[in-house]
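Two complexes follow with chain A in common, the first pairing it with chain B and the second with chain C.
Now for the complex of A and B:
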C-alpha cells in the first residue's frame, strides 16, 4: 500500500505531527531509530529503570507517548532509515527494522530527524571518557548511567546546567561546569525567555540546585586541554574573551574521569540534502538548514521538515511545527479543505511565536565564535574517524582545496563512519578563515546513502544467485 | 582585454588536466576550467580499478600504456598492483569468461584462465561457489579520490592556470579564437579542448555541435574499515563487479550498476534496486563482507558514444577546437590517451592512432543495445 504520509523521527515534532495527521484522516506511518517515541529531549526510560522516579521531561514524554498510542497510525520503532528516494508520484523509504528490511511507499514525507550534537575539538577530546552533552543526557534518561565518577561539564548553551544537574541528582559528582559564555548573556536574553515561564523556571532551578550543591560554575572559561594515558584523568581550564579565545595562562587543573562537552546543536540535514532540497546557512538556527516556508514545505514537492531539523528552535516549537506541517500536508493531499486547514492551524500559529523566541534565544547562545577554532592545537585530531589533525586539513586547504568535496577527497576528512557529523563544522570554520569565504559560500559536502551505516548482510538479506538481475556483459 | 591563452581546456578531470600538462610541456600557455573541483567527476568518483581484465579488447594497447603511467605516478595517487581475479559461478559464465578473456589475452593482457580451486588458493576469502576464474597479475588499483589533489599539484608546478567552480555558460568564436564566459569570468583562448566527460554534449552544444554523447550512471560503494579479508581485485565474468580492499581496510565495491539521473538535469542518484544486487553479487563472491557496514554509495557519470570508442580529435566543424572523452576504461587509459591528444594539438604525430570524432555513428543500433 502507499501511505499518505511517512513521518521520520518520533521526537516532539514527529510524534505530534503523526497525532495531528492521523486525526486529519491521513494514512500515516511513523518510523524511529529508538525503542519508543520522545526523541532525545523526552527520551523514554529503558526497561531496566522503569521504577526510577519520573522527571518533568520524562512526564512530558509519557503524555506524548500516550497521545500517540491513542491514534491510528502504523509505527516502526528500532527501525533505521537508510535511504529515501523520490519518484514521480511519491517517495520510497528503505529501512532496516528488527524484523528485517522494510520498504515504505508514501505520497508525502515529513522529516523530523531533530538535531545532532555539535562538538568542536579541544586537545585531548578523543580520549575515552569524553562524550557529548547530548550523549550524556541519553545515558542518564534511558539508563540512569552516569558519564563518570567525577565529571567536567563544558562548552556552551542550556544543556550545561541540565547535564550537571542530572549528574548531581543521580548521585554523581561534578568537578566543575565550564561555560564559554558570561552570565550576562543569560540575563540579556531574559526578555525572549519570559514568554515561556515554565522553561525559564526549570532552567533557573537547575542553576539553583548546582549552587546549593556547591558545584563550581565558571563563566567565560573554556577547556585548554584534556589529558590522560588511556582515558581522561585531568582537565585544564582557562579564561576566554568575548570571542571565546583563550585569555592568559590556564587557571586550574581538575582531576576528572569524564568530560561532557558540547557547543550547541545543528539541524540533522542528511536526509533533506540526500533528497536534493535547497539549504541555507543560518548560524542563529544551528547552521545549515533546509529552505522551508512557514509550514515546513521544502523545495522538493511532497517533502516537509519540522522540528530542530528545520532549524534548531527547541522542543516546544518543534511540537507545534510538527502539527502545523501535518495539517498543511493534509490540505496539500486534499484531506482537509482550505477552510478547515485554516481553522485547525490558526491557534497553533498563534502559539508558536513565543516558543520559537525561546528556542532561538537558546540557539543564539551557541553560535560558533572564533575562539572555538583558536582552542584547537595544530596536532589535535579534527576528523577522528580518519585520524586527521587540524594541521592536515589546513595544509590541504592551503594547497588549493577550497571547497567541501575537494577537501574530503584529498584527505578523506568526513569519509568515516560518522559521515562528517563530527568534523564538518570545524572544517567549515577552518576553511572560511583561510579562504575568506562565509560558511554559506563554502557549502556543505554532498549527502549520499546510506543515511546511517548499514551492514551489507542486512541489505543483501536472503537471496538466490540466479535471481540477481545481472545486466548483459559490458561491450568487448 | 584579458590575457589570451594558447588553449582553454574545459573539464578538470584526468583527461583535461593530463592533456594540459602535455601541452604545457610542449610550450603552450594553457588554462583548465572546471565547473566544480578538479577531479570530482568520473575521474575522482570511480572505483579506481586499474584492471586489464575489464578493458575493451580494442583499447587494450592503450590500457597497457596507461597502466604504466599510473605505476609511475605511484604512491602520490595510491597505486597498488595486487593482481586480479574474475569469477564465474556457473557454466554459462565460465564459457563467457573463457571467450572474453581469451580475446583480451590475445590483445596483450597477461591474463590466464584458472580453476575455481586455484582462484581460492590465491584469494582465500572467495566463495567456494566459484567454478572457473581468470587471473591477471598486472591488475590493481589506485585511489581515485586523490585525482583532484594530484593534478592540482601537477598543474600548479607546471604553472598552468586553473579556474575551479567556474561552469562555462557561453562560448563565442572570434577570428582570434574563442571567448569563454564563466562565473564572472571572460577567458580568451586561441584553441579549445573539450574534455568534460558526461557534460560534453551540453558544452559542445554551446558551439552548435551535436555530439552523440550519453552518460552511464555508475554506482560505487565503500564499507567501513575492517580486518584484511581480500588482497586482489575481484571481478565477475560479465565485468559487472569490481571489488578490492584498500590498505586502510575499507572495501570498495563497483561494477557499473546503473543509478538514476543525468549530467544535464543535475546529479546522479543511487538506485536501491541496483545497489542491492551489486552488494549481493559482492557478498556472493567474498561472503565475509556481509558483516562490514556500507558507509556510502555514490554515482559517477561515465560518458560514451554509440560505438563505445573514444572521442579523441578535432571537434567536428569547428576550427582549432578539439574534443577528448568517452574513453571506456578512461581512468586507466586517461593519462596515456591525454598525451596522444596533446601531441595531436601540438602538431606532433601521436605514437598510437586517435579516434576521429567525425566518424559516423549508428545511433539506432546503439540505442537498442543500451535498452
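Now for the complex of A and C:
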C-alpha cells in the first residue's frame, strides 16, 4: 500500500504531526529509531526502569505518548531510515527495523529528525569519560545513570545548566561548569525570553540551585585540555575573550572523571540534503537548514520539514510546527479544504511566534565564534573515525582543498561510520580561518546513503542466491 | 575508569541479570542499555580508534558516533542501542594496530 504521509522522527514535531495528520484522515506511518516517542528532549525511560520520580520532561513526554497511542497510524520504533528515494508518484523509504528490512511507499514525507549535537574538538576529547551534553541528558533521562562521579560540564548554551542541575539533583557532583559565554549575553536576550515565562523560570531555577549547591560556574572560560591515562582524570580550563579565543596563561586544573561537552545543536539535514532540497546557512538557527516556507514545504515537491531539523527553535515551537505542517500536507493532498486548513491552522500559527522567539534566542547563544578552534592543538584528533588531527586537515586545506568535498576526498575526513557528524563543524571553522570564507560560502559535504550504518545482511532481505536468473552461456 | 553511579533515590529497576563481555561476567538490570551497564561497571575502553588505536568509549549515546561499537552474535552494533539480557555474550572489537601515515 502507499501511505499519504510518512513522518520520520517521533520527537515533539513528528509525534505532534502524526496526531494531527491522523485526525485529518491521512493514512500515516511514523518511523523513529528510538524505542518510544518523545525525541531527545522528552525521552522515555528505558525498560530497566520500573519506577522513578516524575520530571517535567517525563510528564510532557508521557502526555504526548498517550495522545499518540490514541490515534490510528502505523508506527515503527527502533527502526532506522537509511535511504529515501523520490520517484514520480512519491517517495520510497528504506529502513531497518527489529523485524528486518522495511520498505515504505508514501505520497508525502515529513522529516522531523530534529537536531544533532555539535561538539567542537578540544585536546583530549576522545578520551573515555568525555561525552556530549546531549548524551548526558539521554543517559540521565533514559537510563538514570550519572555521567561520572566528579563531572566538568563545559561548552555553551542552555544545556550547560540543565545537565549540571540534573547531576546535582540526582545526587552527583559537579566539579565546575565552564561556559564560553559571559553572563551578560543571557541578560541581553531576556526580552526574547519573557514571552515564555515557564521556560525562563525553569532556567533561572537551575542556576539558583547550582549556586545554592556551591557549584563553581565560570563564564568566559573554556577547556584548554582534558588529560588522563586511558580515561579522563584532569581537566584544565582557562579564560576566553569575546571571540571564545583562549586568553592568557592563567589556568585552573580540576580532578574529574567525566566531562560533558557540547556547543549547541545543529539541524539534522542529512535526509533533506540527500533528497536534493535547497539549503541555506543561518547561524542563528544552528547552521545549515533546508529552505522552507512558513508551513515547512521544502523546494522538493511533497517533502516537508518540521521541528529543529528545519532550524533549531526548541521543543515548544517544534510541536506547533509539526501540527501546522501536517495540516498543510493534508491540504496539498486534497484531504482538507482550504477553508478547513485555515480554521485548524490559524490558532497554531498565532501561538508559534512566542515559542520561536524563545528558541531562536537560545540557539543564538551557541553560534560558533572563530576563537573556539584556537584551543585545538595541532595533534588533537578532529575526525574521530579516520583518526585525522587538526594538522592533517589544515595541511589539506593549505594544499588547496577549499570546499568540503575536496577535504573529504583528499583525507577521508567525514567518510567514517559517524558520517561526518562530529567533525564537519570543526573542519568548517578551520577552513574558514584559512580561506577567509564564511561557513555559508564554504558549504556542506554531499549527503549520501546510507543515512545510518546498515548491516549488509539486512539489505538483501528475502534474497536467495538460487533465485538469481542465470543467463544461458553465450554460443561458442 | 571509575564506576558511573546509578541514580538510586526513588528509582526501582528490573531484576539484575548476568551478561558476559570478553569473558568477564557483569551484572546489570535487565533492559538497561549495554552502554549504560558498561559505564556503571566502570568499563572504560569499549573500542580503539579505528585509525589511531587510542582508547575510546561511549560518546553520543544516541547511536550516531559509533564509538561504543561492540560485537554480539557476530554482528557489530552500538552498545547504546542494545538492551542487556540474561546470558548475553558481548565481545569488544579487536584493537587494530595504529596506522602510521
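Throughout what follows, the second predicted complex is superposed on the first by the 462 of 476 C-alpha atoms of A that agree within 3 Å, B and C clash if a C-alpha of one lies under 4 Å from a C-alpha of the other, contacts with A are read in each partner's own complex, and residues count from 1 in each chain.
Heads up, the rule we're going with is that a residue touches a chain if its C-beta (ideal position, glycine included) is under 8 Å from a C-beta of that chain, and two chains touch if they have at least 3 such contacts.
None of the values given here were measured: they were computed from a predicted structure.
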Based on the superposed arrangement, let me know which partner A:227 touches: chain B (first), chain C (second), both, or neither? neither
So in the superposed three-chain picture, is A:170 touching just chain B, just chain C, both, or none of them (first/second/both/neither)? second
Partner touching more residues of chain A, chain B vs chain C, is chain C
Just to be sure I read the superposition right, which of the two partners does A:255 touch: chain B = first, chain C = second, or both, or neither? neither
Tell me which partner A:453 touches in the superposition: chain B (first), chain C (second), both or neither. both
What is the contact status of A:416 with respect to chain B (first) and chain C (second): first, second, both, or neither? both
Partner chain in contact with A:441 - chain B first, chain C second, else both or neither: neither
The intersection of the chain A residues contacting chain B with those contacting chain C is 416-417, 419, 453, 455
If you look only at chain C, which of its residues touch chain A in the complex? 1-14, 28-33, 36, 39-40, 44-46, 49-52, 54-67, 69, 75-76, 81, 83-84, 98-99, 101
Note: in the complex, chain A contacts chain C through residues 33, 40, 46-53, 78, 80, 116-117, 126-132, 134-135, 138-140, 142-149, 170-172, 230-231, 257-258, 381, 384-388, 392, 416-419, 421-422, 452-453, 455
Okay, in this complex, where on chain B does chain A touch? 36-40, 44, 54, 56-57, 89, 96, 100, 103, 129, 145-149, 152-153, 156, 162, 164-165, 222-224, 236-240, 256-258, 266-267, 269-272, 275-277, 279-284, 289-298, 308, 328, 369
Chain B partner contacts - residues on chain A that touch it in the complex: 83, 85, 92, 94, 276, 396, 399-403, 405-406, 409-410, 412, 415-417, 419, 446, 448-450, 453-457, 459-460, 463, 465, 468-476
